[in-house]
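Here the chain labels run A, B, C, D, E and F in written order, and each chain numbers its own residues starting at 1.
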Amino acid sequence: MSMFGIGKNNQTINPQNIAMAEQEVEMMSDIFNRLVMTCHKKCISPKYYEADLTKGESVCIDRCVSKYFEANQSLSQHMQKRGQENPTP
Amino acid sequence: MDRLNVKEQEHLTQVLEAKQLKEYLNMYSTLTQNCFSDCVQDFTSSKLSNKESECIAKCADKFLKHSERVGQRFAEFNAKYMGQ
Amino acid sequence: MSMFGIGKNNQTINPQNIAMAEQEVEMMSDIFNRLVMTCHKKCISPKYYEADLTKGESVCIDRCVSKYFEANQSLSQHMQKRGQENPTP
Amino acid sequence: MDRLNVKEQEHLTQVLEAKQLKEYLNMYSTLTQNCFSDCVQDFTSSKLSNKESECIAKCADKFLKHSERVGQRFAEFNAKYMGQ
Amino acid sequence: MSMFGIGKNNQTINPQNIAMAEQEVEMMSDIFNRLVMTCHKKCISPKYYEADLTKGESVCIDRCVSKYFEANQSLSQHMQKRGQENPTP
Amino acid sequence: MDRLNVKEQEHLTQVLEAKQLKEYLNMYSTLTQNCFSDCVQDFTSSKLSNKESECIAKCADKFLKHSERVGQRFAEFNAKYMGQ
């Protein structure tokens, strides 16, 4: 808009950009927290005989995260297809 | 909400649209977490079995239909109780 | 306040109005989410043999929502009575 | 919170009052959800039975008394641990 | 900064102070809510024969809060020690 | 997030730091609540027994190690799925 303003303009804060980036972070941290709780319930025995993860628990965690991502991915596609078939009013 | 003027209603609409997206994302996360918890019990593999995948898809569909039906009843009862 | 300001004045945003309306929406969506989770636990079998709601599940959902509203209504009256008997300091 | 000046304390009071209302509404929703879950098991009718209504009322009263008692102990322990 | 400004200056709102105080309150109310739910599960029988707390429930609540504070205290020390041994990158 | 300019990234960093603290506090509260729930069953005393204290400490350590491991896998899968 102004000959000299280009660089400056580029340096103003657009609240919408921030809000979108925040929402992205919010969503990632929500997914992460749910993943932690879900795989904890699936893999960690509530006996707590030792402070370290056992071999079995470690392997279970890896597989749990892998399956959770797969489920998330396939549900995301499933929902998109559903959304196209029944567009919300 | 009838007490709001035009400008306020416009502003509120924006706020609600942002909220709606957030609610949708939250619903999607809840659905993923619940269907995973109900359908996946086996961790001898790191890939979902066919049975698990099917279960997750059905669970998600059922959850959405459940949620829609609750929404319909919710709207009806809300109208009824508001009118009292 | 101003001869010409009436219409205009009516068009300024009062943050408190927005905040109250937001809170109303927030509360409704909180109640709705709890209703969805509660009736899901009561009515939907975690077997997922089919993607559609069974007849039994559908009827259960309708009754669950009905009872939940009744519970909410009666608790709201109960709490008001309680609040009048023991006004909080 | 002692570090705040008068203006800041006034502002905080407003913020806290809004928060208190929110907490009250949240407590009320939690109470409704929990008492409903504990007291209502039968869905052959769409009206609450007398037994269910009584259970919900007692559950709510007990929840509030529980919450008050926890609040009293919480305040005491808080004072004690702060003083350490 | 100004001869007359001291008192006035003292009366401006520093958003960071408010934010910190808010966070303190937020944390206390979060701990309190978790305490209420946790001790409710531990101490209150879901039978609801009467509206009052029984003697046994009351004693259980007091001990539950006491133990919860002790757990919170010892975990806080535990985490600090852990944090010093493995400083986060 | 690559679409942000320098000023926006600076601002976001501040927001994220506040969020990180909040997440840490939340994690700590969750950990306390879960480990207490799993380790403390006995309310005949108002002091934790040695066995309960040890259980809580191990539970907390395990929770943190679990959380770190999930975090590592999360980052890997995220990178993988983003690259698709």
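Convention: a residue touches a chain if its C-beta (ideal position, glycine included) is under 8 Å from a C-beta of that chain, and two chains touch if they have at least 3 such contacts.
The shown structure was predicted, so the numbers you read here are calculated from the model rather than taken from an experiment.
Steps from chain A to chain D, minimised over paths through touching chains, total 3.
Graph distance from chain D to chain E, where chains that touch are one step apart, equals 1. Of all chains in the assembly, none touches chain A and also chain F. Using mean Cα coordinates as chain centres, the one most removed from chain E is B. Computed centre separation for the pair chain A/chain C is 28 angstrom, with centres defined by C-alpha atoms.
One inter-chain figure worth recording: chain C and chain F are separated by 31 Å, centre to centre, where each centre is the mean of the chain's CA atoms. If each chain is reduced to the centroid of its CA atoms, chain C and chain D end up 17 Å from each other. In chain F, the residues that touch at least two other chains are 26, 57, 61. Residues of chain A in contact with at least two other chains: 37, 43, 62, 66. Contacts between chains close into a ring here, every chain touching precisely two others. With chain B taken as the origin and chain C fixing the direction of travel, the chains line up round the ring as B, C, D, E, F, A. The touching residues of chain F, when paired with chain A in their complex, are 1, 3-8, 11-12, 15-16, 19, 23, 26, 30, 34, 38-39, 55, 57-59, 61-63, 65-67, 69-71, 73-74, 77-78, 81.
Those residues of chain C whose C-beta lies close enough to touch chain B in the complex are 10-14, 17-18, 21-22, 24-25, 28-29, 32-33, 35-37, 39-40, 43-44, 46, 48-53, 57-58, 61-62, 65-66, 69, 73. Residues 19, 23, 27, 30-31, 34, 37-38, 41-43, 59-60, 62-64, 66-68, 70-72, 74-76, 78-79, 82 of chain C are the ones touching chain D in the complex. Interface residues of chain F facing chain E in the complex, by the touch rule stated above, are 18, 21-22, 25-26, 28-29, 31-33, 35-37, 40-41, 43-48, 52-53, 56-57, 60-61, 64.
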